[in-house]
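Right after this note come the structures.
Across the two complexes that follow, subunit A remains constant while its partner is subunit B and subsequently subunit C.
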Partner chain A sequence: MELLVVENAGTPMRLVLTGRLDAAGTEKIEVIFAARVRAAPGHVLVDLTGVGFVGSLGIRMLIAAARVAERARRKFILFGAQPAVAEVFNTVALDDLVPVTPDEGTALAQIAA
Partner chain B sequence: MIRATGGGRLRIVLLGGAEELRAAQLALTAFLRDQGAGPRTAARAELLLEELALNTLRHGFEDGGTPELTVTAWHDGARCGLDLEDRGAAFDPTTATVPDRPGSLRQARIGGLGVPLVQRTAAELAYERTADGRNRLHLVLPDEDASIG
Partner chain C sequence: MTNDEPEEDRTTLRRPAPAALAEPIVHMLDIEAADGQPARRVTIGPGPLTIGRGPQSGLVLPSGDVSRSHCIVALDREAAIVSDLGSTNGTIVDGLRAEGPVRLAPGARLTLGPFTLVYRSGRAADFARTEEVEKDLARAGRYVAALLPPPLADGPVRADWRFVPSTNIGGDGFGYGWLDEHRFAVWLLDVSGHGVGSALLAASVMNLLRVHSLPGTDFTDAAAVLAALNDRFQMDRQGGLYFTIWYGVYDTRTRILGFGCAGQHPGFMMLPGLATVQPLWVKNPGIGLAPDWPYRRAEVTVPPGARLYLFSDGAFEVATTDGRQLTIGDFLPVLAAPSQPGLAEAERLWQAVRNVARPGPLEDDVALLILDFT
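Right, the complex of A and B next:
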């Protein structure tokens, strides 16, 4: 599991996840992922385009980070989930809690709204 | 330990490591795809294996004993599924309470999503606690095109 942080002045921070958000993958990045969200200067986008699997530990990490962002009054949006990942999100109704959009453009439009 | 036993079955013994579990998931997918299962079925099998294995190996032996879980993946030509067996504390995921869906992020529980995922993903789920102290779980995966949740 890899985490790439993309920061450009004036745009939301983009956290790019690549690999599997299974137990091993989540345990590898959850501390730094949480720290980056906590320290984000503004809104946060999470790019899931390169994530092929997510389990309950990965969802727990995303919900915890979304809650941190909400407390800081920042938007936290997931985008680009592959079909298998989107099915797991639907199964636990994640999009009732955290905005999930199909692509980055839609996510940016939600930020701007 | 991962071993194809022939006759459309794959036997996996897990002892608790996250990397070991990942290797088992990849072997499970390879086995199911080789047996003719579709990609959605294989992805659901991986998810079920992850949630059930984590639950058993991280919580089922808190009162003692060496964590160990035996998983048999099977494909009978029409349907496929997983049979799991362990000697941990009795736990029946078919009757475990699933929390209501939270109305807001603030109300959401952090964690506890494994059992709901299992209950909502498996097409059939049957549990037995044997007289000699084993948990036995039999689950059938949904058809490739079935919607779940």
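Right, the complex of A and C next:
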């Protein structure tokens, strides 16, 4: 699991995840992921287009980060989940707890709303 | 020496302290259980270790898919090198057929026929510590297994199951029992993550559900039970752990099964005479993820002869021998397949899981629970 941080002036910070968000993948990045969300200057988008699997610890990482953003009154939106990952999000009702959009454009529109 | 005596030049020679001897590195092969052979560990000594089917081999792997002289593992300073000896099926190292000598990295997986050998190296003290941890995990798994109820062979609800904890103990648990003369509760849960922490939380919840110990909670109401569990086990107060659960209550008088899911995949009902299974699912978040969540429930009528399948995600999130990662969609045809005479349904499902998964220990617990309603 790899984490890439994309920051451009005037746009929300984008955290790009690539790989499997299984136990090992989550353990590899969750501390830095949480730190990046905590330190984000504004809203946060999480790009999941390159994530093929999300396990229970990955779910926890995303929810914990969403709570951090919420406390800071910042929006935290996941986008681009692959079909298998979207199915997991639906099963665990993650999409009832954290905004999930199909693509970046929709995510940006939600932030602007 | 006194002030009157001439000073003497003294040179003190100190013999250097013996250099602390570095603990030597040991090299091992962990052979995973397969083909009726138990798991075991062998040490790679200073001399080469021949591996094959033949009795003259240093490590004998009894299978027709292993050549008589299959490969050889030799130490070269601190590294282990494996060389295939012209075997029929090849020596596979981390999924690739070895074409020449291959230097093994710690954790490298060798596949010889049906056998998987994992190369490990380290100091003896480190191995001892790892063995203790693995023993603790096994004890935790046995404790959780001891909380499981016995199968039910008679009565209006019959129950059978298979529970196979993973080597890393995954936090699965389930249970069932009569709440009163007419109502029967059943549930299956899965704690996030792996290890003793997950097993501890699983055991806590199982013990609580077994004795209906949630004050003020109507255990016949699935939504109420989920809400009470959510109130009791918020993630922030459980070391960051949460769990998913399927909980249902069957009333023999009305033949209605009221159920709720919290972050769990569906249970599945097989109706008599039909070749397909019906998902039983309600969308709710897992327990501990959202405070004060208004959990929802649903109901289904259970005709005589119906069968309910509950299983953990370890039953379908398996990696196959050709590297595919399966999903629940791959498991549903197994449920719908006809039962085999003389083979318990839970055993049939377990064998299906074991046969499709790649050799070696499964990565997650497998819990398979079948209820039959007369």
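List of remarks:
Everything that follows uses one rule, which is that the second predicted complex is superposed on the first by the 113 of 113 C-alpha atoms of A that agree within 3 Å, B and C clash if a C-alpha of one lies under 4 Å from a C-alpha of the other, contacts with A are read in each partner's own complex, and residues count from 1 in each chain.
The definition used in the following text is that contacts are C-beta pairs under 8 Å (C-beta built on N, C-alpha and C of every residue); 3 or more make two chains touch, one makes a residue touch a chain.
Note that this is a predicted model, so its numbers are computed, not measured.
Subunit B and subunit C, once both complexes are superposed via subunit A, clash. Once the two complexes are laid over each other on the shared chain, residue contacts for A:Val31 go to neither subunit B nor subunit C.
In the superposed model, A:Ala39 lies in contact with neither subunit B nor subunit C. In the overlay built on the shared chain, the residue A:Ala109 is in contact with neither subunit B nor subunit C. Between subunit B and subunit C, it is B that contacts the larger number of residues in subunit A.
In the superposition on chain A, contact is made by A:Ile59 with both subunit B and subunit C. Contacts of A:Leu4 after superposition: neither subunit B nor subunit C is touched. The clash between subunit C and subunit B in the superposition falls on 189-197, which is one of the stretches 63-71, 117-125 or 189-197. Comparing the two complexes, residues 23, 53, 56-57, 59-60, 63-64, 84, 87, 90-93, 96-97 of subunit A contact subunit B in one case and subunit C in the other. In the complex of the two chains, the subunit B residues touching subunit A come out as 18-19, 21-22, 25, 39-40, 43-44, 46-47, 50-51, 54, 101-106, 108, 110-111, 113-114, 116-117, 120-121, 148-149. Put simply, subunit C touches subunit A in their complex at residues 190, 192-194, 235, 240, 242, 244, 263-265, 283-286, 289-290, 325, 327.
The residues of subunit A lying in touch with subunit C in their complex are 23, 52-53, 56-57, 59-60, 63-64, 84, 87, 90-94, 96-97.
Across the complex, subunit A meets subunit B through its residues 20, 22-25, 27, 53, 55-57, 59-60, 63-64, 66-67, 70, 83-84, 87-88, 90-93, 96-98.
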